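So, here's a batch of structures to check.
Both of the next two complexes hold subunit A, though its partner changes from subunit B to subunit C.
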Partner chain A sequence: MNWSTALPLLILASSFLPGLIIFCLPEDRVVTRTILNLAGALFKIVLVGGMFWGILHGYHFEARLTLLPGLDLVLRSGPLAMLFVTLSSGLWLVTTVYAVGYLEGSPHRSRFFGFFSLCVTATTGVALAGNLITFLLFYELLTLCTYPLIVHRGTEIARQAGRNYLIYTIIGGALLLLSSVWLYTLAGTLEFTDRGFLSGLDASLHPTLMIIFCLLIAGLGVKAALVPLHGWLPQAMVAPAPVSALLHAVAVVKAGAFGIIRVVYDVYGIEFANSLGLTLPLAILAAVTIIYGSLRALFQDELKRRLAFSTVSQVSYIVLGIALASPIATLGGLIHLVHQGVQKITLFMCAGNLAETLGIHKISEMNGVGRRMPWTMAAFTIGAFGMIGAPPLAGFFSKWYLGLGALDAGQGWVIYVLAVSSALNAAYFLPILYTAWFKAPPDSWPAERSFGNKETAWTLLVPPIVTALLTLALGLLAFAPFNLLEWTRLIVSRGFA
Partner chain B sequence: MELILGQIPWIVMPIIFPLIGSMACFLFPAKAKSLGLLTSLVVLACVTRLGWQLKALGSLRYPMGGWGAPLGIDLYADGLSLLMLLMAALVGLGISIYSSSYFSRDKARHFWPLWLFLCGALNALFLSADIFNLYVTLELLGLTAVALVALAGGADALIAAMRYLLVSLLGSLFYLLGVALIYHSVGSLDIAILAQRVEPSPAMWTAVGLISTGLLLKTALFPMHFWLPPAHASAPAPVSALMSALVVKASFYILLRMWLEFFQTQGAAFANFLGLLGAAAVLWGGIQALRQTQLKLLIAYSTVSQLGYLFLAFPLGTSIAWKGALYMLFSHAMAKAAMFMAAGNIQFFAGHDRIAELGSITQRLPLTLTAFALAGISLMGLPPSGGFIGKWLLLQASIESGQWWWGIILLLGGFLAAGYVFKVIAHVFTHDEPTSRTVTLPATMEWSALGLALIAVLLGLFTYWPLAMLEMGSPFGTGHSG
Partner chain C sequence: MNAIVSVSLLLSALGLPLLLAFPALHTHLPRPIHMALLPAATLVFIPVDFAIELPWFWLGAGLGIDALSRWWLAMSVVVWGVGAAFVPTPAKCDGYNPQTSLLLLFLVGQIGAVLATDMIVFFSFTTLMSYACIGLLLTHGDETTRRAGRIYLVLLILADILLFEAMMMATATTEYLDFATLTKAMTLSESSSFYLSMVIVGIALKVGVWPLHRWLSLSYYSVRPAMALLLWLGPVATGLLCGLRWLPLGELAAPMAGAVLLAIGFTTIFYAMLSVSRVQWKQRLICVFFIATGSFVIGLGTGLIKPALWNQYGDSAHVFIASLGWGLALMTAGLEWFKDEGETSGSSNENLTELSVERWFDAFIRWGGGMGNETLPELRSSWFARCKGLRQKRGWQNTFGTGEYFLQRWSIATTLFILLVIVTLVLLLLDAM
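Here is the complex of A and B:
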């Protein structure tokens, strides 16, 4: 056991072991539990940082366990893996702080935080997976660990949402299993490889490969909430706000999108997928999802539901960028993986603050809330403008590169999709901002809790402000040294010959 | 030391020790608990040691008392027998630990001698080298199992036990008739000799038909599963566990052994027929499980469904398919035993097993519900679990051989399993006030269930030894696409 094998395992263990211990803790051990949570989250970030350092110094990290003859469980570092693992471990820390504050005094916290930690373990596993079967393992694990979080409140609606989530994701998982086995019987390997491992197969197998591609996208599209497989996501917003943050920004939806990236780049290879004529239909599907999600978001009065439909729309930007088969568009898609996460987590945490502090769940109740909770709404505003794509925020760069990439790929229609979508984004976010800042506040809020002279508890306030600042920073410092763009360029360069 | 250990015929030990233990428990009922636990530990050690031997030798044939066939009794062990022995030893240890707290003093007096005797019969069955000894062990196993089912007392249990007795006898009778026919036409009972001499003939056809019917009846393959749910559900929890995890697998093992050695020459139509019944069992059992309102009946129907998976390997016939089916069998044994024990804990604690009323109980039994959930992962075939590995291999075999329809059944079975597992799990997440019952559940009962469930999950990560075991003595070497 040397560092090369130990580090990926430690990264998983840094949330797995605290999770196991937390399960066993009695409810009232708040301090121990919080320390474990935060220590795990911080330690994970340190480990990920160590891995970055190692990669920059030419080290390679890989842990293997033989599962079946010729088929290993592999955890491996790579530029793409690092992108996702950094995102999820960074946002995990923020979400943990938030969740500690959010769930203060509520029942079953040991259970909640136990599954919360397992969830992040599964996500980092998805990120570091070095082949399709490892990916599948953690992908399914993610399903199992998020279910208890979605039904955490135990109400009938929550259980209904959980049931729906399971129906969608278990069918999706089965499709993924079927296609993985099928690919394995054809190719004899499932190892993620730059530019894919299938292009060498006989041409007579190409129709089969096209079917498998559809199965894979269907299986992954469930979590990535591609239309028409998105039905579970808006329902799942009944879960507590930190869970929504986890679902929408850190783990579940991202795992689906990340899986599609893996399939297109490291299983099929973008050029091979393009030559099979698979990328254009995927791009069209993503475009339809983008428009559809935005349209549906427009008509939701419930804040979290509007945000959920917004996720449906925004996550497909990633897929769109991937499917355009141009290096620049891919760059746009990949940075949006990060941008969407940071922005959406901000929005959900702010929505959670409104619900926890003032009992506000609907947009129609938000009149003048900006005066009561200026910091929360400031963070929300930054997140919303990021989503709309206003410069110089993070979201602008996503759309910018997507647009450039579309032209580069000769798919001019995508520009219209982006334009319409941005207009729709503005149409469903700006009224919220107007209501919050410019309308007169009501005499009393639906269910106000007092936090002295602060607008809300600091554990609830600091995380969204941090991510809002991050949204700003990702935009303003887009070209600073060690930036996200450089790193994604490295990933892209490995995907294209 | 090694010299002495090397001299011991380890192959006999898993049979002898339980029999000695059984008698000792009968004679000294006051010490039955410790004697039972000790026996289970010793059996596990002996099986491990036998495995050590087989690792070097591949397969092993041992004439009991040095007489040799056709006069004496031969024992035979290869990787397949070893896997079954190990399954029985691990589940057996779990059941012994569980039962040490489960039974009242009065019931324990009957339970331990019967249970250890069943253990011995089961191990003898897995080691028999000829089809008549298989009959004897099968009959012993069946009769002991009936007595154990009746142990619960009460009208339900007695009716179920009686029905089970009749089915079991009928099954054995069919089997015996088939054996007689084979002996008449081939002149031998030794499996190895039969494998060389058997040729397709009307007499063989009839014999195969009779033997298969008898064994399928005992394995409770759809549509002959009718006796299983009441028998498994009404028995005391550890008995349900050993019935579902071990006893039904014994008749399956005999069928598999005969199939590998000399049945499969009897044509593909029969294999497809078995596959079809298996598929029907997967779906029917799953649907019935979904409809149950009692936890133990749900688990029993899940057994009907899971047993169906094993028969999907017959039409596939490749060595990958057999490995998949046996991997499934092994992990199902762990998972199902754990699940029945968990159900037993719930019944012990709450005094009932009505699924709709679990909400207030589950919160008081986190370990038990964890065991149930982990076992459920394996039954659903989600990774990481032994059930997943089995499913992967079977799916691979079905795609490789172009018989993708069996793969569809595997996936559908997974959906049904997810349905009935989560039907129970969902009750953990309710608003119900935790009950204020003050029954204390012995820790051994919770931990033994959890231990077995953990094995089922870990089988999904540590696959080397189980798979290596199935290579020993290449039991599937004669398979038609080997």
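Here is the complex of A and C:
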């Protein structure tokens, strides 16, 4: 076994092994557990950095294990895989620091962090999957690992939300399995390849391929929270804030969106999918989800639930970018995969800070909270403006390239969708900022915890500030060397002739 | 040597106020706004035209100064100098006084818009300026000003969306973002009329011309003249600068768009003249602001109708606005100087309850709040029962009530059913294609 084979496996092991050890740790071994968590997260980042360096120098990383004759478990590096792996490993470190502070003193931490690590392992596996069957395995592992995190609190509402999540995602997984098997019988391979592997099939199979595409999108759309398959997401908000951050920014929802990118680009090929007329209905579905999610977000008083519906809307920007079948729109969709993750994780961690420090769960309870927690609310403000798409924050560039891509693809109607969506984003985020910064604070907060002269614990405060600064940097330094745009251009260039 | 000094000054004209906006830095300084203004003031006196591109920054930020933008910068420096000298700083309450930070951010946005040489940089700085301006209005203690801030927020969102779309359209059709080439390229574009209409409506929403002047008059009536002067310089004058930079003046004859601008300009002046008789003499400055804005809009309209005329006299628009700014600054300084101690600002006769748009919005939110969180919004039988004619028909209520119960109970099955319907429709659509 050489480095090119070992590195993908090591990246998986960097979170898998700490996860297994953490499961076995007694509850009171806080320091050991924290060291294992952080060491695993840091080691993963170093390994991912090494893989990046290797790819830039022309190395190819692939690990292959035969499951059945003709069916291999494949882990492979590539520009698209690296985009998602980097995002998930980077944000995992931030979320781990946050989770350590958030769960301080709470029960079942070994169980929580064990599943937390497995969850990231599954996400990394989804990212590095070199074929549809490997993707499916890790995709299902992700479902199973996130369920205990959702029901972590053990309340009846949490268990109900967990059941609901499991039913939705298992049905989605079943559809994915069915369509993968069907596809294998037609094509004889499930290997992800640039521009897909189905365009060479006989024209008589095209109607069948269309049906399989619908099944694949339905299966992946559950996790990507496409309407009407989004029902589990707002209910899963009962989970602790780090889990919500993980679900919305790093793992589950992103895995669904990433799967759609894989199917459209590396299974069907964007040009073949477009020639079959599959991309326009997908774009329409994404547009409906964008508007629907924003509208439903408007009506929520509970902060995390509003953010959840915002995710329903924002993740569909990624799908919209892919479905427009234009290189520029794809660029917009891919950078939004990263931008949305960074912005949304900031918002969820801030929401967690408000809940943990002051007992605030509802927007109507946030009057003047900016004066009590200025750093948290400053980070929230940056995240919210990023989501609205205000320049020069990260979200602006996503919308900019999506809009340009829509015009490039001759789909002018998308401009109106983006305009309405931006207005709705402003309508549900700006009232929160107004309430927090400009209304008079109450005499007492719902359940205030004292942290001396600090607004909250540093482990809760530093991660959202870091991600807020990242939101700013991703916008301001969009053209700095080794920038995200260049990397996504590389991905796009492989997908289009 | 001059170039190095100029570039340093250009960057510090934006960097210094941005840095000083951090409360920890400006709280210990005397007159931080005036200190932040020093690099910009020095830049006015360096007679070198230059432009820089910061390739790392958003889409290759373009900043620069030429003879025309120097007029704007000179006016901005004077207006900020006068405005900041007289703007009252509210007493700190609970250690929280964001006004100086907001004023400094406002300053960065305004100066940045003057120095911008491309659309994205201009748009970014004006967005920063506008939100800082809204923050200033909202932190003002007076309810009238807060109301003005809320109205401006609504208008700003709409304006920014329109200008964003216009910017995107311009880039998509011409592939240029810098002002120098964009306006020429837009002239040849087929979508120039659409672009023009979006820019004109966007500007009208921002600058507070009649009939979109409500927020401006509300804020003018309730703040001190120095603050009113800054409000004129910020959203209004920068909005007019947006017109100068974004409209293809002198390049394209657009009689229709020009006529609209002329009508808006004349109406604004007419409105201001009618208002003169109704306000106290010290508040007549407000009417002067409106007349100044209206005159400039008329100038823009004329430029669109007669490009040749604009080519001949267009540069004087910059001199005109600078002179106007200086004059207004002088008048404001005089008014502030002779202001009676203890005299409070005027107030309008506005009904200070919620804005209509807020009432509609709240009603909409209350309506939507009853939907629950299921995949399908719960059908509220009571909504139907509220409809005239159905009020007495309890049979309908029962029917919808049963339906609602069924849908809640079988949410996953309903979801799958909807999915099936969608897949079927997609397949039928694909088949038809």
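Please note the rule applied: the second predicted complex is superposed on the first by the 497 of 497 C-alpha atoms of A that agree within 3 Å, B and C clash if a C-alpha of one lies under 4 Å from a C-alpha of the other, contacts with A are read in each partner's own complex, and residues count from 1 in each chain.
We take it that a contact is a pair of C-beta atoms (placed from the backbone, for glycine too) under 8 Å apart; a residue touches a chain by one contact, two chains touch by 3 or more.
The model shown is predicted, which means the values in this text are computed figures rather than measured ones.
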{"item": "Touched partner set for A:54, first subunit B, second subunit C, both or neither", "value": "neither"}
{"item": "First, second, both or neither for A:327, with subunit B first and subunit C second", "value": "neither"}
{"item": "First (subunit B), second (subunit C), both or neither touched by A:390", "value": "second"}
{"item": "Which superposed partner A:65 touches (first subunit B, second subunit C, both, neither)", "value": "first"}
{"item": "First (subunit B), second (subunit C), both or neither touched by A:305", "value": "second"}
{"item": "Partner chain in contact with A:151 - subunit B first, subunit C second, else both or neither", "value": "first"}
{"item": "Winner by number of subunit A residues touched, once subunit B and subunit C are compared", "value": "C"}
{"item": "First, second, both or neither for A:171, with subunit B first and subunit C second", "value": "both"}
{"item": "On subunit A, positions contacted by subunit B and by subunit C", "value": "171"}
{"item": "Residue ranges of subunit B touching subunit A (in the complex, touch as defined)", "value": "366, 377, 380, 382-384, 389, 391-393, 395-396, 399-400, 407, 411, 414-415, 418, 422, 426, 428-431, 461, 463-464, 467"}
{"item": "Residues of subunit A touching subunit B in the complex", "value": "23, 65-69, 73, 133, 136-137, 140-141, 143-144, 147-148, 151-152, 154-155, 158-159, 162-163, 166, 170-171, 173-174, 177-178, 181-182, 184-185"}
{"item": "Residue ranges of subunit A touching subunit C (in the complex, touch as defined)", "value": "164, 167-168, 171, 207, 210-211, 214-215, 218, 227-231, 234-235, 276-278, 281, 285, 295-296, 298-301, 305, 371, 389-392, 396-397, 399-400, 403-404, 407-408, 415, 419, 422-423, 426-427, 430, 434, 437-438, 475-481"}
{"item": "Subunit C - residues contacting subunit A, complex", "value": "55-60, 94, 96, 98, 120, 123-124, 127, 131, 135, 138-139, 146, 153, 157-158, 161, 164-165, 168-169, 171-173, 361, 364-365, 368-369, 371, 373-377, 411-412, 415-416, 418-419, 422-423, 426-427, 429-431, 433"}
